[in-house]
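Next up: the structures, one after another.
You will see chain A twice below: alongside chain B first, and alongside chain C after that.
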Partner chain A sequence: MTDPKPPVDVAEEPPAPRQETFFQRFMRELTGGSILVTILSVVLALLIGAVLIAASDPDVQDRADYFFSRPGDTLSAAWSAISDAYGALFTGSIIDIDEYTVGRALRPLAETATNAAPLIAAGLGVALAFRAGLFNIGAEGQIILGAILAGYVGFGWHLPTGLHLIVGVLAGIVGGAVWGGVVGLLKARTGAHEVIVTIMLNYVARFLIAYLLTTTAFQRPGASNPVSPIVDDSAQLPRFFDDSRLHLGFVLVILAAFGVWWLLERSTMGFEFRAVGANPNAARTAGMSVSRTYVWVMLLAGGLAGLAGVMQVLGTERYLTSGISAGIGFDAITVALLGRASPWGTVAAGLLFGALRAGGVPMQASTGTPIDIIVVIQSLIVLFIAAPPLVRAIFRVPVRSAGQPVAGLQRGWGA
Partner chain B sequence: MSAPTVLAPSAPAAPDIAVRPSWKAPIAFAVLALVALIAFGILGESGQTSTFGISTSSDAWQIDPLALSSQPVALGLSLVCVVVAAYAAWLVRAGHSVPMWLTVLFTIAFVLAFLVWAVAGEQISFTSLLQGALALSVPLVFGALSGVLCERAGVINIAIEGQLLAGAFLSAVVATLTGSLYVGLVAAVVAGLLVAFVLAVFAIKYIVNQIIVGVVLNVLVLGVTNFLYGQLLAPEAATWNSPGTLPRVEIPLLSEIPVIGPVLFEQTIIVYAMYVTVALVHVALFRTRWGLRVRAVGEHPKAADTLGIRVNTVRFRNVLLGGAVAGLGGAFFTLGNVGAFSREMSAGQGFIALAAMIFGRWSPLGALGAALLFGFANNLQSLLGIIGTPIPSEFMLMLPYILTIFAVAGLVGRVRAPAADGEPYVKS
Partner chain C sequence: MNKRFRLAAALSAVALAVAACGDAPEEDGGDGATGGATDGATEGGGDFSACMVSDQGGINDRSFNETSYNGLVLAQEEGIIAEPKFAESQTDADYGPNVDAMVQDDCGIIVTVGFLLADATREAAEANPEEQFAIVDFQYVDDTGAPAPIDNVKPLVFNTHEAAFLAGYASAAHSTTGIVGTWGGAKIPTVTIFMDGFYDGVQYYNEQKGADVQVLGWDKATQEGQFVGDFANTGLARQISDNLISQGADVLHPVAGPLAESAAIAAQAAGNVAVVWADSDGFESAPDYGDVILTSVLKGMDQAVLAATQEAADDAFTNEPYVGTLENGGVGIAPFHDFDSTVTQETKDELAQIQEQIISGELVVESDAAFS
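Showing the complex of A and B:
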């Protein structure tokens, strides 16, 4: 008799033709692209930034009026505008060689680390969700909720030294985890798309903190503007140096990065995360609970973003304002993308973006170049990294390194 | 003989889609109706009147303000809510689904009950309430239409925010430089097109994740406009940023109608363009061959390809079209309303537009309704903030977002995106 099995297999194939879902393809691009493309993307973004700086510089514009009679004038003005701005960016973020003591010369570096810490924490949250196939745009809201709870414990409760800080940090993590967990729960139960829900929850969080800062429980007594009291000394993340804001949070965030690495690469739960991210249907077939994974991964991602909120309110700022999240949640997305959704990549990307943030302020102060150029450079970097073929085409990099099958993510499955 | 064996395994693959109508809508109605009945009706202050002005001072026919006795009217309206909820429950029990008009009726009754309760002892102008609501809705409608055009063809457009902002920026700059507001309008369209072009190239040609491109484009446009604003527009507003506003055009006869006239027919050309665009997109999408093709590409690109439709070409065109529409909407911020560009002018309206599109179930008319509802809620919030209400304004501002979460979670009826939305098409 004929064997019925082969036709069955053939017939079952057509309904699921997408061997590689969109997300997997994206993850492959993300994790499989070469380091070269990353570096070229940064260079390209800085070049475009330079063009913007030069083109909008009033001095350059004046000289461009007689460009065709003396082009050298325009070019030298453009060069000085660009080098001034990028020079200030460097001295503001890495090292200030004009200072006399080593401590003061390295202060920009400490400021970079201070700025990088919450970026890395929130970026880890976004990256972790990425690995499970979820797009967490809600870090901003999760940071706000984390900051609200940590801040409230910080100034509202008065606990003994040591315990106070621990409770404050945990409260912040719980705040972020709840805000993220709601997303995971809705996704698991109703299939609500996490992108939409997180965008909406960002706004809800923003209005929530604006409301809370008008209530007597949160508003600083005697203050007319919406700011909270300063958190107790016992709840503040201790600072390392006298003349720098760098605080214990940076150590916490490196520990968090290690924790995420261990979770993803060494634990069963992390394996499930990656399996669900690679192919939810296959993971379900293998007996994993996809909905439980969604809830867990969003709880953890939210908790990491909540940690970023903790660092903002207990470490850097030390009181709540409605702008406590400072756009970190949105930068965290770009940080996670630039770090190719790996824990240590996220740390590196967070340091780069922290440096850009730290250097942007003195750049604006000393050269008048608006700090918004930083946002332009950051978004261009990510845009180029997301499309390796484009960067390769621009720099004529051979495609040899491109077609490599899958580093990292999908490998989890079989061979 | 092999045929039955082929068919057998596919049987469990068909889930019971939409066989039983959902109880979610009647339950949601019942809860809200109960809230209305208790909070607005039974617990409402008795003996107060809510006064609604109908005519503006410039109207030809003056109509006296409508003074309603607050508590009884709110009670009556919340009873309407209760009846609607009961009818919805009866329908679902009888195996029918809850029709759209019932949801609309419920919403209107609930909002009116709330309004009568909130305005107790005060007076607001009904006409200016609606005028403000429309003004706040215009960018939302354009943005939501942009989303509909893109997503019906299967490309997710998160970059609506960036398209609106780019339209607002370029229209203000070009209108100032050329001295012509209408050239500014064209520039707004071009700005939206440019953002959409980048989205299309990255999403369709380079097959980058559409959500990522959209998110990054929003940040990029924000950065570029803020940068140029700080460098050029703010220091030298006279040369770069003083376009002025478009004149209001009164439509003869129609603008004489009380309430409706001043609200709908004393507007700038952008608002009239909005009416036309909504109608055009609706008809084109559901009544023309072009629309059928677009929807086919969005639902089942492979089938469309088999029939000879060039999937990625259709998508590319639709993304550009959507960008143009959103860009025109962006011009409303500057040329239609304020008369100058300011930093981060779109202020998240693009994301509310996205919410309106989802809430309106990816249809132009639905998106229009949702955008009007969101605009109304937003304007109501600022109006009630002036007369003082029991509800903090922040919670009113949260409303569109929470409603959207409910909508995507399926608590209010079923929302379903086009099947191939967000999936790139690679010909195999």
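Showing the complex of A and C:
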């Protein structure tokens, strides 16, 4: 799986697998994988998706009845079902050459970026926590809190243009940061496991927004359904083109990715995050405050997820519903895994998932291919990438050579 | 030997692949049906195109979306439209893109299903004034709650409380424990309107007969009751049903789309408990539970969608709301099927009489969620 690398300086020391937690071992295996495996996983997932598209196509099913007398019929029907579906997926996510204006032709690409922006933001939050050894399952709840606060500032307050947007964005980030920070604080003070706490807080957030949308402060005047008013124009993230929904949030998210990269690779705090992630005991011995690190990591991770909530409510949707998080918080875990917990990897993975989300819409609408195929493809990608490290971590299977895991560790954690 | 076998295998694989690719264009040209949904036009139905975007329930949810989609299926069978197109939304973020994809596909009429699609539909309708829309179960209102119609969107709404009133009356008459129960999927007007009607139907029975049948799970005066919180949590739905049964309820009226199955399973397990289905005739749409389904509160979304599609295809589209009532047959109650022999003729006559009184306006059934 991994190509042999020259042993780095610490490779002489024996690895100490018994002191690793299961999570650390899994993360080490995961981040040690090569980019080739990632690409091949995507290709393989698309191939299996193709088989499913063909199998679920009524035409193919009809023709399969007489497969042995004229197999060509079945195969050609399968071919056209697959090429139609993937063709629509492509024109829906990258470029539509049949359109007359440049704006309309490039609209799919903009739609991909629009879908990718919140995925990347929340994915960065999950990735950052990964790097400090924390499994942040709570991005969904953090997005909801971010959206609640940003949305409330957006429709409840009426501030001057410019200021309104800034306050709205900051409110959303603070909302997410608080929701994440609580987890870090509980972990640091009481040792409560972050997986349990984040999952529970997802439920709290979900029912909180459902409740808020029945109160007069949040419910749209005159409406009896649980939807909020539309946010003021001055609080909306400006859109770049008339033809598409692409908004300023995408720029913010690229800046955020740069910020996370800088934090992890260039700052003292980031070094502490990575040190705690690699080995909390060693970090403590070295004089770092592990509990302070947990609080900071979760604050930042929550803030990034909150930014995703901001983009949903001030950018794409522009009003609150109980489903405002749209499963982004869970897809973000996948995106972070696919991006191997690195900032730019997360950006690339977010764009891929954004493209699948964007392209799935016309694929379903114009070819009638079930939208669930997209979920299957996404899941397969993750399965192929995460399964081998997971299996090795569970059964403690060593990688081929003894020096290999450590080399992988060094490269993966980017020391 | 081994190498030669590999070579042969590789060659035959290539040959297969070439054959498959080679046939494709011919076959494509020869038979248009492989192309996808639009090609169905030539095989049956008219040439008007109708499209539907659902909320997160799929086309086969045995309830809300499926009944609406059946309207388009009916329209195709009657030759009004070509094969309908359908897009299912997986999350709240999909509504806008799905509606937009249908606009791009040059649909003659786009039917959106459910209040969650209201804002996406409004946005698309305002951006594309030439396009015609219909929205199931939603009417646009202004800040004061007064209707605020959009020029090219036809609301399809239902005064289901009129039908649920009848079901409530029948349930009260059927109950031997003197307790009936209802619960909802989420506390939204399209759900509580059923519960209001059901509640009032029971109260009317008490008034007429001097009885004291209690309703658990909903209080019309306070507008508080029991809800699952979504339309997917079958475990909680079962638990709520079991709780109501253990409190003595022997008729349950779940208003929760696909979750009604959980109530039916609970009723089957308990024995001697009947269920009042919602939306479609459960005896037909969920035959596994036919033995416990007393009746169903019918909400004719299929008929409404069919009517709106017909109107658009005839070039007679208006944004006048379609309001389903007992009078126009847009709502009603289903036959008693297996329970036909246990419901007394007296009750049946009274129900017929109440139905007439509601239609004539002699008996007024009210709900905060009703449409005018």
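FYI, the second predicted complex is superposed on the first by the 366 of 415 C-alpha atoms of A that agree within 3 Å, B and C clash if a C-alpha of one lies under 4 Å from a C-alpha of the other, contacts with A are read in each partner's own complex, and residues count from 1 in each chain.
In this text, a residue touches a chain if its C-beta (ideal position, glycine included) is under 8 Å from a C-beta of that chain, and two chains touch if they have at least 3 such contacts.
All values derive from a computational prediction rather than experimental measurement.
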item: Side-by-side fit of chain B and chain C on chain A, or clash; value: clash
item: Chain B versus chain C as contact partner of A:Gly191, first or second or both or neither; value: first
item: Touching partner for A:Leu352 - first (chain B), second (chain C), both, neither; value: neither
item: First, second, both or neither for A:Pro389, with chain B first and chain C second; value: first
item: Partner chain(s) touched by A:Leu201 [first = chain B, second = chain C, both, neither]; value: first
item: First, second, both or neither for A:Ala275, with chain B first and chain C second; value: neither
item: First, second, both or neither for A:Val375, with chain B first and chain C second; value: both
item: Partner chain(s) touched by A:Ala45 [first = chain B, second = chain C, both, neither]; value: neither
item: Location of chain C clashes with chain B - one stretch out of 116-124, 188-196 or 242-250; value: 242-250
item: Residues of chain A at both interfaces, chain B in one complex, chain C in the other; value: 207, 210, 214, 370, 375
item: Contact footprint of chain B on chain A as seen in their complex; value: 2, 4, 7-8, 11-12, 15, 18, 22-23, 25-26, 29, 52, 56-58, 135, 137, 186, 189-193, 195-197, 199-201, 203-204, 207-208, 210-211, 214, 330, 333-334, 337, 369-370, 372-376, 378-380, 382-383, 386-387, 389-390
item: Chain A-facing residues of chain C, complex; value: 19-21, 23-24, 26-28, 33-38, 51, 56, 85-88, 90-94, 96-98, 100-102, 104-105, 115-116, 118-119, 138, 141-146, 186-189, 229, 368-369
item: Touching residues on chain B, where the partner in the complex is chain A; value: 1-2, 5-6, 9-10, 13, 158, 202, 206-209, 211-213, 215-217, 219-220, 222-224, 226-232, 235, 348, 351, 354-355, 358, 392, 394-395, 397-398, 401-402, 404-405, 408-411, 417, 422-424
item: Contacting residues of chain A [partner chain C, same complex]; value: 59, 72-73, 75-81, 84, 92, 111, 115, 207, 210, 214, 221-227, 230, 245, 312, 316-317, 319, 321, 323-324, 326-328, 357-358, 361-362, 364-368, 370-371, 375
